[in-house]
Amino acid sequence: MKKLMNDPRAVTEQTVAGYVRAHAGRLRRVGTGYGVARVEPLLPGTVAVIGGGGSGHEPMHLGYVGAGLLAGAVPGEIFSAPTPEAILEVVTATHAGAGVLFVVGNYSGDRFNFELAAERCAERGIPTHTVVVADDVGLGELIRADNRRGIAGMLVAAKVLGAAAERGDDLESLAEIGARLGHGIASMGVGLRAGTSPLADVASFDLGEDEMEIGIGIHGELGRDRLPRQRADAIADLLVGETLAELAPPAGDSLLVFVNGLGGTPPGELALFFDAVARSLEGRGYGVARVLVGTHVTALDMQGVSLTLGRFDSELLSLWDAPVDTPALRAP
Amino acid sequence: MTLDANWAARWLIAAGDVFETERGALSELDRQIGDGDHGENLSRGFGAVRGQLRVGTLPGTPAEVLREAALTLISTVGGASGPLYGTALLRASEVIADKDALDAADVAALLRAGAAGIAQRGSAEPGDKTMLDSWLPAADAAAVAAERGEDAPAVLAAAVRAADAGAVATDDLIALRGRAAYLGERSRGHRDPGAASSALLIAAAADSL
Amino acid sequence: MKKLMNDPRAVTEQTVAGYVRAHAGRLRRVGTGYGVARVEPLLPGTVAVIGGGGSGHEPMHLGYVGAGLLAGAVPGEIFSAPTPEAILEVVTATHAGAGVLFVVGNYSGDRFNFELAAERCAERGIPTHTVVVADDVGLGELIRADNRRGIAGMLVAAKVLGAAAERGDDLESLAEIGARLGHGIASMGVGLRAGTSPLADVASFDLGEDEMEIGIGIHGELGRDRLPRQRADAIADLLVGETLAELAPPAGDSLLVFVNGLGGTPPGELALFFDAVARSLEGRGYGVARVLVGTHVTALDMQGVSLTLGRFDSELLSLWDAPVDTPALRAP
Amino acid sequence: MTLDANWAARWLIAAGDVFETERGALSELDRQIGDGDHGENLSRGFGAVRGQLRVGTLPGTPAEVLREAALTLISTVGGASGPLYGTALLRASEVIADKDALDAADVAALLRAGAAGIAQRGSAEPGDKTMLDSWLPAADAAAVAAERGEDAPAVLAAAVRAADAGAVATDDLIALRGRAAYLGERSRGHRDPGAASSALLIAAAADSL
């Protein structure tokens, strides 16, 4: 297995430890689980935005803890939702009196565990709201729309909501932004080589040297189609077509473009792929409003890429542009 | 043969044993249409439950035993099945609260509440190819048997048969909930791991009489 | 081949295009080659620090063009030095009247081509100095010391020299810092899976599923030893031992620690590996003065990691700490 | 049979032809102990040189032809060999400046200057397993032949034999310069690609008489 690790069962613990040690001035561990919170406490009266879900997607979520983004992160075991206890520990460590916003992907385990945590918060008088991100259009008609997964759009949602919380929005207004975001983000991925879980000994699926899997998930789930590998331009155009179809922006619109590496694809290829995406968009009469290119929401060491498009109004754009200072995303 | 706290404890210990034995098989089912950890999840969760139980020294009610186990499952499993089984047992414990021993109607009510908990937590409907497709037939069969006036062991036996049949019947369904749903049509022809484990759990209740 | 690309011969062009497009506010192309320069011109009278060498190491060098780091970058073809012409184009675009500092790795092709460019600069009255980085101790006694390659230490050198240029240091003082740096940086890498060049169809070497190659170069050069893959702790300890031996810091010293991904290793593994490095250092009685963990100096899509240690005096540390604002490195 | 500008042009065109033909073989040598691009580099560089030359219409001197070629190599190759061959031809052109035709002593001087250019640019020493190990014996043999009073073709012929032998002799050396040096002891048993291409280049000079 082409992996740097010790005991496979210690991977999450040691990964979290490494992040916190590398960013000791910004991150601190909380509670007895893998939870992480900002060192700088929130301004009293601001909503704590907390992201969580299975680990194996680093730098998400713990790399996005910091000013302008998450107040805390709750990683579970690899690809496995965190427990309500772990979530509550991060809530306790970050709550600043104005309630908690959970940002989670649309996975049963994540939804249920955060739901249970929310019920316990309610018992303690801490108001919560949960934004469930379901941006993955990769499976198309194969699945019911309410089964769409959250993939790279989770970072986009967290960034926008984190910025809104930082400026002082209350829980209700954050909930409204979350709902608006839901209709404005669409993503789709393509895998060239599946990732390998530390606990398994083999990749989650096999792909021939010249095959690709269209519409993969970030847990090594199979996608919609297995095709011969195509040129970057053709892959980009395919992903642009599917995500655009979902968002249906008016002709001439400019979109947020997020090209995300799945873990094993190097930065140079992402840049090249972004160029292909931009040309495809322009060829279809659309523009690029904002750009993010990088390895942000991974599927362990999967080789491949996802494209996220955002159809954003000016308020969402200004939240996207707001300053952010986290280990894995920093701007301006 | 009383369905008291000790029976509840024996049930959950037996469940821990069977999930340990069937860990590989359950994970293998999950590998077909999910992420391959269902056996791990349950052996971890019910292992923790088992560790907390001391049969014979239990002062309380079956409801207390189930409630304790539910909280442990919720706090140790983490995946989808932890909250689902946790919610099921929590709801079940609520409908048998304060009873020292359960009769046939209680058993039927317990199963009905468990199924309802899963349906609610999972927004699942019958036929979605989930654990509900084992719990719901079990609850229905138990209700019928209890209506007919059968005793608790007979009610449980009926539930076991129905849970099993329900699990087997998931083979032909397309998954509409959970990770298996990402496969769409390709999920057909595989047994739902949660339905399979639910049948084992209900069987453990009968076997612990 | 598990690669996102179009025509293999267009990879460098399209990668550079993608970077410049994604960072249009910061980067601009210059001349007819692959050269890139800052959009914001240098302050008149500051030295232009220019990095260059074969491409395939992205984000190096073009991702490090910006305030506090490089004035310009000159990528060559993949793993191939740029021509003197291309170098001169970037010199012309960035020179701000105080001369040019070239930062290059110790490779024949790079050294010769930058040397030729320097000769042409001299003909035109533009003073230059070249810092040749040779931080790779991975081949140990296998090779003569003057053949040591430049690997991840190239970024460290560029960062420090870029900061010094930004504060106004003249060419002479930059040359002095460059010389000091040379003795203070040591790196070593380990490969788990070799990268694949777009032009080749196979990886540059084959490694069994449970093998690793110790001391690899960033062009797919073989290393010193092929061993069964070990635990991250053991690998970290090996790299720490070799790099420490080179720097020979006094007991109790604190070092700069740079854990660099080689392209195909995901961020989570890098964090875990950094944790192992820090524990190894501490176990040997050393501390961590500064940390950088990320995918910075790659070897296409090679899976693996390199460790760079820096034994820095307080001036070098303060240059390391100076603000930097580039596509691939931003601080504070 | 005059070694004038047209001869120089025929030489470089012939070099372009042979590097095109031997591209694969040279890259294969480079694959063994380097990065596998030596054939590509030379066919690109000398291909560009060839494209700029029009045999028969050249007004100038051999020095002008070599100088032009040197600049083209430097600006098109990019690897190590571009500056090395470029410097070699540049230095060579300097020692034959202004001559319309070269005699035996000029040929020897040209090769000596080329070798010196490579040694200087590459900080290479004899025995480092580089192209110098082909150029230097060639220059030495040419000097001896010229001293002996042989004519230019004979001097070139002596150089060709020595360059070839020098290239073959690199097989037994450990590389101390260039990428091959990263292999240390493991570089032994392989021919240095630059030495091999140098022998071809010098042979092309003789063949173009």
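Letters are used for the chains, namely A, B, C and D, taken in the order the chains are written, and counting of residues starts over at 1 for each.
One rule holds in what follows: a contact is a pair of C-beta atoms (placed from the backbone, for glycine too) under 8 Å apart; a residue touches a chain by one contact, two chains touch by 3 or more.
This one's a predicted model, so the numbers in the text were calculated from it and none came from an experiment.
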Distance from the CA centroid of chain B to that of chain C, rounded to the nearest Å? 57
Measuring from the mean C-alpha position of chain C to the mean C-alpha position of chain D, what distance in angstrom results? 33
Please tell me the distance, in whole Å, between the geometric centres of chain A and chain C computed from their C-alpha atoms. 29
Got the chain C residues that touch at least 2 other chains? none
Mind pulling the chain B residues that touch 2 or more other chains? none
Classify the inter-chain contact topology: is it line, ring, star, complete, or other? line
Those chain pairs meeting the touch criterion are A-B, A-C, C-D
Which of the residues in chain B end up touching chain A in this complex? 35-37, 41, 74-80, 82-84, 86-87, 121-122, 176-179, 181-186
Mind listing the chain C positions that touch chain A in their complex? 1-7, 11, 14-19, 21-23, 55-56, 58-59, 63, 192-193, 209-210, 229, 231-233, 235, 263-276, 278, 288, 291, 293, 295, 298, 300-301, 303, 305, 328, 330-331
Under the touch definition given earlier, write down the residues of chain A that touch chain B in their complex. 76-77, 79-85, 107-109, 112-113, 115-116, 139, 142-144, 147, 149, 200, 217, 219-222
